[in-house]
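What follows are several structures.
Heads up, the next two complexes both have chain A, just with different partners, chain B and then chain C.
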Partner chain A sequence: MKVLDRSITAWQTGIILFILLFANKILILPSLLYEDAKLEAFLVPIFLFVLELGLIFLFYRIKTKYPSERFSDILKNHYGKFVTYSLYVLILVFFFCKALLLYNVTYIFFRNMIYKDSGNILFLFCFLPVVNHLAIIGLRVIGRTAQLFFPVIIFISLFCICIGFFGINSSPLLYQASINDVFRSCLKHISAFGDSIFLFIFMDKIKIQKGQWKIVFSFAGIAMLFVVTITTVFILSYTYTSFMHPFAIFEIMSYVKEFGGLGRIDIISMVLIIILTYFQLALYLKGFMESFHVIFSKIDNIYSVLTFNIVFVLAVNYVVLNLSKGVIYGETILPYFSIISFVFIPALVVVMLLKKRRKERKK
Partner chain B sequence: MKHFVVNLFKTPMFLIFALITLIYALPALGKQAELSRYAVVTAIGIDNVEEENLENPENKFEVSLLTFIPIAEQTFTETYKVISAQGRSISEAMDLAGLHIGREIGLSHVKSVIMNTDLLKDDVSKFLDYLSRSKNMAASTKLLATDSKAKDFLNAVQKLNSESSIKVSEVINFNTNYIYSSDSSFETFFKGMFGPTKVSLVPFLTINDTEGGISVASGGEQSGGQESSNGGGQNSSTTSGQNEEIVNSGDTLIFKDGKLKTMLTGFDMKKINLVRGDYTTGSIEVKDYTDKIFDHANLIFEIFDKSVQYKVKYENGTPIFYINAQMTLALSEVENGDGMVEKNVEFFVVDQKCINALENKIRRSVADAIGIMRDNQTDIVDFYTFMHNSDKKAFNNFLDSLEDREDYLNRIVFKIGVDILSK
Partner chain C sequence: MKVENKIKSLTKKLHNSIDVANRVIKKNGVDVGFIYLKSITDNLIFSQAIFEPVSNFDGQINFEILEQIVKANDVSKVEEKEIIDKILKGSVVVMLSNSEEFLAIDILNYNTRAPSEPPTSPVIMGPREGFTEDLKTNMTLIRRRFYSDQLVFKEATVGDTTKTQVVIAYLDGIADEKIVKEIKKKISKIKIDGVVDSYYLLSLLASRPNSVLKQVGCAEKPDIIAAKMLEGRVAIIVDNSPIVLTIPFVFLEDLQNSNDYYINYIYSTFIRFIRLMGIFISVLGPGAYIALQLFHYNILPIKYLITIADTTQQVPFTPFIEILFILLLFQILYEVSLRLPSYLGLATSIVGALILGDTGVKAGLISPPTVIVVAIAKIALYTVPEQSAQVNIFQFVFLVLGAAVGLLGLIGGCIYLLAYANSIENYGAPYLAPFSPFILSDNKDGLFKVPLSEMTERPKSFENENKERMDESSR
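Our next item is the complex of A and B:
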């Protein structure tokens, strides 16, 4: 099986980055953030996005220093095979775990809200073929398809945010949480962030001309702004009962629907969730496949897809598949994997950049 | 054509789509219609099980469901039935009610939940837990309480007319917007309960005959769909031919931390709402007013507009809470001691004496409202949030200085300012 990974433009990179930063933070995350950080929960994504921005900035630096090299090759040159393979094993597990959590949350959401009688098998039927197809057909196709859907994503997101403002009607109790609570919440939910490492592993496929970096950073900024706004609107709408409403973007619309009498306006948010889930699952699978390919470079790509699908189906059916398990898994196990994106990769990249600078100075 | 078919089979996504269609779409055609599977519940009543009605000694709750059962008819009349069942928990009673009716209980259309006051002696959250967890029930579902059996209440509701439950929830909506500003949805109830004051309000409706309040009368002539089933075939206490009224006098039950604290009358709530800025309609009565025009008259002024400003200052650690209400009033009714007023009151100019009388009246009402809240240690207006947000440190110091932190209302000095504008 041949995977056609052609290069993607700055716009496509920006849109993929937007999806990575935005998609998995608008459903259950705001409600979970409220549990620890109360009304100050909106600070958590701000703090964690600062880290994420740091990661994107490091990507910018390494991409400008090594414009057409593969990340795995740069790592091999600097740190040898052992470090490279170890890191890629961790990245592989990271993307797999995140895909598992994302699927689990989306499945629970749709089963609770609409398809009450539908089983997991139907959902797997609906998701896996499309996600596999997107991942196999190549990064450029994902980028182009995302470009096609991007106006829809932006329009629905803006619509949800604007409508959500009508739901804010109370004067809530401020300054409930201390800064310690906010940082505790940051650590607990750090695993929802750090997806930008996707850019590192595909850095050789990303073609960004000089002066086009602002496009990438703008998309990242918009995604961050959207996440912070949605979290704030959700928490200010539900205030003290935010913990009782697990699906933020849907609940924002639902609140306006129920108290404003605007029909089934909440369905619009479901469209957004389903589009984003497809793309993000495809990106996670793509990350998994690329990591697999680096570790087992001599075997066909079909094995990476098969491995993902088999382990995914087994894990979904026997390990998670209910919201509380998913949340425990997301809050207790996954944060450790964030070391990969917020410690290992930045540390390795910073050292590489410093070495490169020293070499350039010597010349 | 051959080329097209070959291309189709070369496209894996088409094959997968065809496979999903075959596996799921075709069997779906043979499925029973949802209308035949679900009973559409529009109102839920919850009662304590009385000892003489016990079917099982472990049963605690009786759940009654005002249910719309779709039946093919030539007319557009919707048929409602009250179905009830007992159980050790609400969920068990719900399941049994489903068994009685032979359908799944659909809660998506529930507009109101009626609780019997006997239940309210315990923590309300115990039996609201099931309903609050239900993903199908809307957060805007109204909660209300009655002193009669919730089942009897639903029977009275059922007899109003085909869309009666909606009307009852509209009566409660009216509370929220116009008369006594006490929204009573699930969401608001839990927001109050989990909020800083822990206070929630639930409207109290009766089905007694009464002269006051807003009443939704139910005639007893309609007997269709009056059947009641609670497993033992117990009949409803509402009999055909009997007239009943569902009465909303604005009475409100006050809960603190999910437990019933007290019941306030509609008049008490009216006074409390004078302190709240979000309530801008209503009337104020000045009794026994005499001047050049009026002789021992009762003057009723309608509130056109109202704004209430709060300010808090601390003096030696004690908070001084300023409530400044600015109201625009218009004379809407005169009950004169000596009969009709000759002069046209349309052009009545509110003089200083009348303004003073109004200000005194409003001050007294606000003081009464604060007294009610102090007596019951229930911060219905939510002074807590305002003081916390104004100066968290000073407020926390004040709370720390109290022996009982819950008793903060009694330690605050309230100063009331009233500014009247006439229209």
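Our next item is the complex of A and C:
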């Protein structure tokens, strides 16, 4: 089976980046951030987004130096096969673990809120066919479909934020946590960030013309603004009980239980969570597939999807499906994987760029 | 070979069919033979323009003289192997005993209906002409809109048995040459026993023949076809069909309507939103209602919830079976009303709407909210009648998704469906363009409609030779 991964435009890249940066940070992250960083929790996404923007900047640099080359090929030329394959194995595990955590959190959320008696099989039945379809059908189709849903995502996010303002019942009183607490929280939750490495592994499929980079950076900026605002609104709404309310965007909406004659409007936030989860899982699977393809280049792409599905179903059934377990796993094991996105890849890219620069100067 | 023998041989080749007519006359020692099909030729023209001049001729007749004396425009020399084909296409073939050559004179004539307003596309304002089953009339209707040498008609024959004439019409210098070539290639590759109507070509010309989504545009009105050709599309006219096909096709085309161009642009934008909303309501309405009832009932305001609980508690079926039953009932009634004569159609409506609906509710077999939801969904379906077949299928799919997994299934289904639609490219045109990929200039006549003076460019969703439509000075 052939996977049609054709190029995506700057707008589509921006929207995909927005989903990657925004989706997994609006559900349980704000509540977890409060545990260490208290009212200063909003600083954590700001600091970590600075790192993320650094990663995107490095992507911009390498993309302009090597406009149509594959990241794996550039790595192979500079560092050899061993380093490339090792890095891609790590990336593969990184995307798989992130998919697992995201699914776990979404599953717990929906089981608690709607599908009280339903088993995991129902959720797998919902997510896997759609996610597989999106991943197999190609990056361009994901980009185009995300483009269709983007206005809905933005509209609902803004609506949630606006509604959230009605729920704020305390004026911000800062200096509850020390800078150490904030940085500890940053380290603990760094694994929620670093998804921009997705851009690196698909850099040959991304077509950005001169002058269009601002689109990509703007989308990253908007994602940051939204995450910081939602975190702030959530913490200011619940303040001292923030840690007891694990699902931020939903809690913001459910604070305003009946809004006029509309009934419970928290379902709107559920729509947002569902859309984002579908897309983000598809993007993680796509990242997994591409890494798999680099490591096992002679094996048909469909086997990467099969591998993902089998391992995913096994892992979901035997390893996780418990919120506290998932949180522990996200706070203890996953941060180590962030070394890939925030240390390994930046270091390798910086060295490559410096080498290239030196070569150009010599010429 | 003698003329009589030639005619006998040709009649035999035509299986001695009862509509084969022939005549042999002697003129100054030369036998003149005529053979034609009386079912598709004009007998009056034959006798006045062909038979009479020949029989009244006094001199020694030969082939050159024969060509001169017949009073017809479409006269051509044909070889022996082409004779049968010419006869079958409405020519009378004339042969002489002193010549081995044959003369074919086109006198094709059969009864056709006059162009009238098509029942599928009535308009409030604008032209009311519609295509007919006659290929020549249809070509005339298009030609009348382009007194220009840019309009090109190319002929092809499809169907081993029917040998149906198919005409590819496009505007030279506007339609993309590659698309025209691709269509010609596809049509030439079609090996089928017969093409009875243009609908036979629908899936054969589609990029994904097995897809549930419509991929070729259809119209019954020449003004619509002319407008689409001006955008760079290629029209395909099939003999004996009043439906003309257009390629490339994008979903947006079905949201547009010729009425939109005769009304205020703000109102037409509003109407287009209504049509899109109609599709959404129709596809998602029953599924969303059942999802609300089964999974998300707590989001309904308490008063609505009580109303629904009150009305549904006596219904013996599960909500899914109840809504499925009403949807199927509607579908049956729809099929019946389509096929029954109009005087019986009224009776069906009364039985369907009043007796079945009202009595069903009173008997407690179905609940009023369900009837209302299905009615709204079914009415909304016809805001875009061109998409009704697909929307009907998706209505059932989303009903099952909503009943099985609620919101999660409905949104998953939407993403799946839209991703699938996004993966289709018809002759280089993305199916959901100009929404995704987003093309700003094409959106001037997309969901939003701007005044005609602002539409200065041809669509960019697909390739065409000339992007400029209107000079800046004319604005």
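Here is the rule we go by: the second predicted complex is superposed on the first by the 355 of 363 C-alpha atoms of A that agree within 3 Å, B and C clash if a C-alpha of one lies under 4 Å from a C-alpha of the other, contacts with A are read in each partner's own complex, and residues count from 1 in each chain.
Convention: a residue touches a chain if its C-beta (ideal position, glycine included) is under 8 Å from a C-beta of that chain, and two chains touch if they have at least 3 such contacts.
Remember, it's a predicted structure, so these values are computed and weren't measured experimentally.
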- Message: Just checking: does A:Gln147 make contact with chain B only, chain C only, both, or neither of them? Give me first, second, both or neither.
- Response: second
- Query: Counting only touches as set out at the top, which of chain B and chain C does A:Tyr255 meet: first, second, both, neither?
  - Reply: first
- Message: So in the superposed three-chain picture, is A:Asn112 touching just chain B, just chain C, both, or none of them (first/second/both/neither)?
- Response: first
- Message: For A:Met244 in the superposed arrangement: first (chain B), second (chain C), both or neither?
- Response: first
- Query: What is the contact status of A:Tyr175 with respect to chain B (first) and chain C (second): first, second, both, or neither?
  - Reply: first
- Item | Touching partner for A:Phe82 - first (chain B), second (chain C), both, neither | neither
- Comparing chain B and chain C in the superposed model, the one touching more of chain A is C
- Where does A:His133 make contact in the superposed view: on chain B (first), on chain C (second), on both, or on neither? both
- Task: Have a look at where A:Leu122 lands relative to chain B and chain C in the superposition and call it first, second, both or neither.
- Result: both
- Item | chain A residues contacted in one complex by chain B, in the other by chain C | 122, 125-126, 129-130, 133, 258
- In the complex formed with chain B, which residues of chain A make contact? 112-113, 122, 125-126, 129-130, 133, 170-175, 238-241, 244-245, 254-255, 258-259
- Message: Going by the contact rule set out above, which residues of chain C touch chain A in the complex?
- Response: 295-296, 298-301, 304, 405-409, 411-413, 415-416, 418-420, 422-423, 430, 432, 435-438
- Which residues, counting only chain B, touch chain A once they are in their complex? 12-13, 16, 19-20, 23-24, 132, 135, 138-140, 185, 187, 190-191, 194-196, 384-386, 388-389, 392
- Which of the residues in chain A end up touching chain C in this complex? 4, 9, 11-12, 110, 114-115, 122-123, 125-127, 129-130, 133-134, 137-138, 141-142, 144-145, 147-149, 258, 261-267, 270-271, 274-275, 278-279
